[in-house]
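Same chain, two partners: subunit A is paired with subunit B first, then with subunit C.
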Partner chain A sequence: MIESKNRLFNRFMSKIKHFIASFTNFLKRSIKHFKRPFKEGSKGTKGSYFIMGFGNLYHKQYIKGGLFLTLQLLFLIIFFTNPKVNNTPIGFQAIRNFFTLGTEVGDIFGGLADNSMLMMLFGVVTFGLIAVFLATYKSNIYSSFYSDLRLKEGNKPTTFKEDLAELLDSRFHILLLTPTILGVLTFTILPTLFMIFIAFTNFDREVVPGLNLFEWVGFANFTEIFTGQGEIANRFIPVLTWTLTWAFFATFSCYIGGILLALLINKPGVRLKKLWRTIFILTIALPQFISLLAVQQLLSEHGPVNAMLMQLGILDQPFAFLGQARTAFTARVSVIVINLWIGIPFTMLMTSGILMNVPKDTYEAAQIDGASKFQAFRNITLPYIIFITTPYLITSFIGNITSFNIIFFLTGGDPNVPGSVAGQTDLLVTWLYSLTIEEGDVNIGSVIAIFTFIITASATLLSYRRSKAYKEEDTFQ
Partner chain B sequence: MMNQTETHLNPSNKVMLEGMKDKKIKSQSASNRRSTILAYVALVVLSVIWLYPIVWIVLHSFRAEFRDGIFVGIVVSNYFPRSFGLDNFIRLFTMTPFIRWFFNTLFVATFSFIFSTVLVLSVAYVMSKLKFKQRKFFLNIAIIIGLFPGFMSIIAIYYILKSLNLTETLFALILVYSAGSGLGFYVAKGFFDIIPNSLIESARLDGATNAKIFTKIILPISKPIIIYTALLSFTGPWMDFIFARVILGETNREIHTVAVGLYYMVHGSQYADGNQFTMFAAGSLIVAIPIVTLFLVMQRYYIEGVTSGAVKG
Partner chain C sequence: MKNKILIMILVVISSVTLYGCSRSKPLVIWVGAEVQDFFQEKMEEYVIMFEEREGRAFPFEVQVRAADTGTAAGTFLDDMDAGPDILTVAHDNLGRLLSGAGAIRPIQNEALIAQIEATNPQAFIDVIRADVQGQSFLFGVPYEAQSLILYYNRNYLSAEDVETWEGIWEVAQTNNVRSLSITGADGFNNSFLVLASDAETGERFVRLYEEGVLENTEFVNDEMISIVRWGQAFFSHPNGARLASDSGWEADLRTGTSLTVIGGAWHFRAAQAALGNDLGVAKLPRFTITEDHAHGSVSPNTVMQSGSFTDTKMFVMNRSSDKLEYLEDILLFLTTPEVQEQSFLRNQTLPAYKNALESFEGMTADTIQGQLILAQLEMFNHGIPQPFGREARFNVFYYQRQAPDRLLAIFRNTNNQFNTVESIIEEMNLIERIWLGERP
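Let's turn to the complex of A and B:
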């Protein structure tokens, strides 16, 4: 036991050492890479260390040089003049503001308070601008250096037209990737960083950005959730447990149900297979807000299902299946059962394709050897299906952890827990929604978001590293 | 596709098997018939369960039992309406901004489907077929970033846009739907991976540029994946509730999409007479008919796409 612990520790340490080594290596190479053009390059290249575009102008690449120069000027102007957007500066002041998150508290005579949120945002944006500037700076040097090299080989420096033409050929990937990179930077990376930073502040329901300030509080929100005594801390473990329980049952019930349905439809002798499949695909094609809200209304206390059960004399009074249910257990079972209605058709689709691809010759060989149908199914079809759908199982488990619609539309997280935002059927994501969008406790919401991300990301990475698709990424090409 | 199961025996095996099976056939056919009948019964029962709520909404949308009153909630007493009419549709068009919602959604869906399709195909092609130094690096980065659940960044996006006074616009919603869409490139990449490299190499030998190869050779043979991507990105905005709800807010009903608008017709009400369910049903029908039809017509492409994605993981 101790030995295996030691071995784990050693492996961990060697990984860290390896990481540090490769990181220092990377730094050394970068410095070397940075110095080389200065040593070996022309006067123009040396000049571009100080004035961007100088080297290109030196090589008579006027448009390119002009662009680099404009970018440099633009950056310097923004950085030092600190233009204000919504009364909050972007530039070197934004970096200071990022650390203070505002000092001006405002007054009743119309003095404006600092907007802590914009200050944080523009701080991040300014860091981003600096990074972009450094990247352009480096490419400015190398752009000139390549022209030097071309001249040495007896070629002319490339013209702007040629550079553009390369975007359609040898640099086609740059053209195709740039829009996505920009989009992801602004709409995924920036918000995610922002969310992570918020988790370390006291931006809660008391704060209205622009009216009052919030500030950095270190790990206070994390300790509040994991060791605190308050409502959030009390509800965290129950919500997490229910989220995982839900994901487990939702995944496996739909998986088994879907395979059974696929077997039923694909059973030799059953006709109109396409019709049966289409009926079940209807629930996939129908927007979930329609189907789930309809089911919620059907099952509501004063809905038709209760009315029917009462008419038939099965019930004396309406039975609450969902948000109004008397026990958490009832609501949870109802949600998992209704989820079958949504989830089974998906698995049916997945496994239908697979069922048709079960290697037929083994199947026939087994029959010749006298295996019964059930034996053939248990020993050939089933292992094959399980083997090939494992990645799907993992992705659908992760999908269920973050499945917002089902809970939101069916129960809204209810039945209530007195004094808490998180109800009995709230998942981490629906709790996150009500905490942030409805209550305004953005800081606590962010901690929960980070935590949910860690769960889903580690599950995905685990499955991804193991999946064939990753290991054999290049084999098909 | 489905017929393959019935003709799965190839001729040589068939002859062999028939000889062996001959004796068994009589006893088997009786039990076979019984199990087939059981299968039909099960399928019919399941179909009823699956169709029950759907038929229920459709019937509700045509209910005309309360022509005189303002009562537009759920009818619990009779599953089949006593009289049919278009009253609910007329109410929907005159009493709510439904037509606005519909065109809002159409607007958002059209733009985000154009942007997303272009982005997804571009990224997928780069990751699959173009060789450059940082390809593996970009692939890994894309996979790690793809792990950030979009739902979490949406909350930050909401606060960012709000502090810049950009929320409550359809433009913001289009950006949200399409900006990161390039990250969903796996299925399309899987499709491009299967296209043989020799096709590209021979075109290169003929002097075609990468851009020419992509637009003139690859895209024309990629119809299935283009349709799959376009279908998902066009129907997405019609189906999405949460992003639209967060970005567009609660208060300004004029800029809502169909999902947000219809949701507030039944939201939170557990009581039959407290909501506008028949109008909700009418609106749902108008939204669902084109979307469902699209799905059913394009079924083949959808199934190919999702199953390839699932199996590849």
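Let's turn to the complex of A and C:
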């Protein structure tokens, strides 16, 4: 046991060493790469290190040089004039504010307090602008150095028209990817960084941005998960356990149910196949929350299901299946069963498509070899389906970890646990909603969001990299 | 030709832009959707009055917009610059609005202060007053009030039955249904027990942030233990009280599975839709502490009157408004007893005016709406305004760590974990500590 632990530790340490060595090499290479144009380039290229576009102007690439120069001026103007949005500056002051998160507390007759939230946001935006600027700065140097190299080879520097033509031809991928990268940076990376930073502050229900300040608290919110007596410490593990249990059952019950349904509908001899498929697809066509609210009403205490069970004499009084169920088990089983209604049609539809494309001659060959129908299913159909649907299975598992609608509309996270925001059917993501939107504890919500991200990202990477669909992706014909 | 077209386009664009920029921002007031038309008309009257008085046009266009008064404060705090000049909030939002640097302006117009002090019950004045930077200010102008009352099914219950919970309970047992559905687990809903008072002396036993002081809070005493024990008997009995079913309290009333519901005026239309002409409205009933529930110094057969958190809706001024000099005069007009009476007659809103019962026409029990108003007015005698206004922390403390859910858990006693007096007292102590701001 100890030996195995030591081996694991040594392996971990060697990976870290390898990472540090690779990173150091990368830095060395980058610095060398960055210095090279200065050493080997023309005066123009050297000038580009100080004035963006200088090298291009030196090579008479006026438009390109002008664009680089304009970008530098724009950046410098924004950076040093610190334009204000909602009374909060962007620019170098935003960097200072990012670290202080505001100092002005304001008063009822004077000004408002500094808006710590905007200060953090604009700090992140300013870091983003600096990153974009540095990328442009590097591009300006290499643009000039490239012209130097062309001159050395006896060619003329490219004109703006040629550069544009190149963008539509050999560098078309850059043209296409730029808006995507900017979009990802603006709408994914910046908000994610903002959310991560919030987790290190005391931005909770007592803070109203613009009226009071919040501040950095280091890892206090994280340690609260594993220590202390609070909501997070008491409920994190139970909620996480139920989230994973839910994701497992919700994924595999729908997966197996969908396959069985697809096999049934595609069975030779079953008539009106298209009609059956259409009926099941209807549940996909309806907005999910409408289906869920309808099911919630069907199962409610005065709903038709209870009325029917009471008329049949199975129940003598209404039975609570969902949020007011007497036990967590009842509510949990109910949501998993209801989820079949929502999830099975997706798998059925996909599996139907796969089944229709299994090469018929494979079955014929198996039949000639004397395979039974079950053997053909086990050795041909099932591996075929699993191979193709593994990525779907993983996506579905991750989707179920973050499945908000089903729990929110069916049980609202209840049955409740006295003293806790998280109910017995709350998933990490619905708990996160309650903590942030209803309770206003944005910092704690961010910590949970980070943990949710770590879990989903790790589960995705691990399972996908170990799947045949990944390892043998080139073998599928 | 091309140049001419280009110039024309530029002229049109410039004109539109200049016109847009030259128009001053309207003066915006947020009120509840049910009174939007009423206050828009009142503001039109005000503008005419202003022009006659001042001899000049009112400098702004006035827009009265509908807003959900329950969430208005939160929406406003999300972006104060985009907020209205005047908004309507429930008084218990005051603490949040005054948090830190404060988002609203104190009232400084002497005429308005005099009007507020002359026309409102002292309890309302106490909860809209706050100390800021060593000085005491009024921060809102009350104009509507509300409290909890009882909606009941007249098919089963007579006016006499609903005078006591025991009367209702007995009918519920006869019909094997529930006596009561409460609409939620929050502090407002459990206030019928938490704020119960001695029916004879009127003495209330719970103390919640009295005079705006955190330490003036007490939950655990003999009377409250007795009340909680009675509440437990009521909630844990199959024909007693329950949290509304997952079909909703309206369904509980409609289907006759619950005979009564505790609610506010905002539940009236839904209750009427559920029961139609069978809907009855009454003040919250009394109940009697029996030998089984009496604790310590409390005598058996002590009669308690159910209590209620009361609420006042009030106008507050956005401190970032660039029209502050006009706002107090507008509020002086909009909250006069006359305007409150007009609103009552037209919108059936319960006025905050303290002499409404005696001086307003139409305050009679001839109609169900009249009964609704009278029942609320009666409940004002047995209730207190939510005492969370002065400090944002109080509201946080009262609701943190799911304190109301813990209390409901004692009442429901689902898993028999509160079978003994000791376990009840232990949990009540915990709730008291939560109210005091501890995070046990």
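Note that in this section the second predicted complex is superposed on the first by the 421 of 477 C-alpha atoms of A that agree within 3 Å, B and C clash if a C-alpha of one lies under 4 Å from a C-alpha of the other, contacts with A are read in each partner's own complex, and residues count from 1 in each chain.
Definition applied: a residue touches a chain if its C-beta (ideal position, glycine included) is under 8 Å from a C-beta of that chain, and two chains touch if they have at least 3 such contacts.
Keep in mind the model is a prediction, meaning the values are calculated, not measured.
Visitor: Touching A:293, do we find subunit B (first), subunit C (second), both, or neither?
Guide: first
Visitor: So, does A:211 touch the first partner subunit B, the second partner subunit C, both, or neither?
Guide: second
Visitor: Kindly classify A:253 by the partners it touches after superposition: subunit B alone (first), subunit C alone (second), both, or neither?
Guide: neither
Visitor: Touching A:136 in the superposition: subunit B (first), subunit C (second), both, neither?
Guide: neither
Visitor: Should A:106 be classified as contacting the first partner (subunit B), the second (subunit C), both, or neither?
Guide: The second partner, subunit C, only.
Visitor: Applying the touch criterion given at the start, work out whether A:419 contacts subunit B, subunit C, both or neither, answering first, second, both or neither.
Guide: The second partner, subunit C, only.
Visitor: More subunit A residues touched by subunit B or by subunit C?
Guide: Comparing subunit B with subunit C, the partner touching more subunit A residues is B.
Visitor: By the touch definition at the top of the document, which applies to A:301: first (subunit B), second (subunit C), both, or neither?
Guide: After superposing on A, A:301 lies in contact with both subunit B and subunit C.
Visitor: Mind working out whether A:324 is in touch with subunit B, subunit C, both or neither, as first, second, both or neither?
Guide: A:324 contacts both subunit B and subunit C.
Visitor: Contact-wise, after the overlay, does A:86 reach subunit B, subunit C, both or neither (first, second, both, neither)?
Guide: Both partners.
Visitor: Residue by residue on subunit A, keep only those touching subunit B in one complex and subunit C in the other, then list them.
Guide: In the superposed arrangement, which is not itself an observed complex, subunit A uses residues 86, 210, 297, 300-303, 323-324 for both subunit B and subunit C.
Visitor: Quick one: which bits of subunit A touch subunit B in the complex? Just the residue numbers, please.
Guide: Those residues of subunit A that touch subunit B are 85-86, 115, 117-118, 121, 168-170, 172-173, 175-177, 179-180, 183-184, 186-192, 194-195, 198, 209-210, 261, 264-270, 273-274, 276-291, 293-295, 297-298, 300-304, 306-307, 323-324, 341, 345-346, 349-350, 352-356, 360-361, 364, 367-368, 388-392, 394-395, 402, 404-405, 408-409, 412, 429, 432-433, 436-437, 442, 445, 449, 452-453, 456-457, 460-461, 463-464, 467-469, 473, 476-477.
Visitor: With touch defined as at the start, can you tell me which subunit C residues reach subunit A in the complex?
Guide: Residues in contact with subunit A: 77, 80-81, 96, 98-103, 105-106, 132-133, 185, 243, 245-248, 251-252, 255, 257, 319-320, 392-393, 396, 401-402, 405-406, 408-409, 414, 439-440.
Visitor: Spell out the part of subunit B that touches subunit A in their complex, as residue ranges.
Guide: 1-6, 8-9, 13, 16-17, 20, 32, 35-36, 39-40, 42-43, 46-47, 49-51, 53-54, 56-57, 74-77, 79, 119, 122-123, 125-126, 128, 130, 132, 135, 138-139, 143-145, 147-160, 163-165, 175-176, 178-183, 193-194, 197, 209-212, 214, 238-239, 241-242, 246, 259, 262-263, 266, 268, 270-272, 275, 277, 280-281, 284, 287-288, 291-292, 294-296, 299, 303, 306-307, 310-313
Visitor: Quick check on the complex: what are the subunit A residues that touch subunit C?
Guide: 86, 105-113, 205-206, 208, 210-213, 229-231, 296-297, 300-303, 318, 320, 322-324, 326, 416, 418-421
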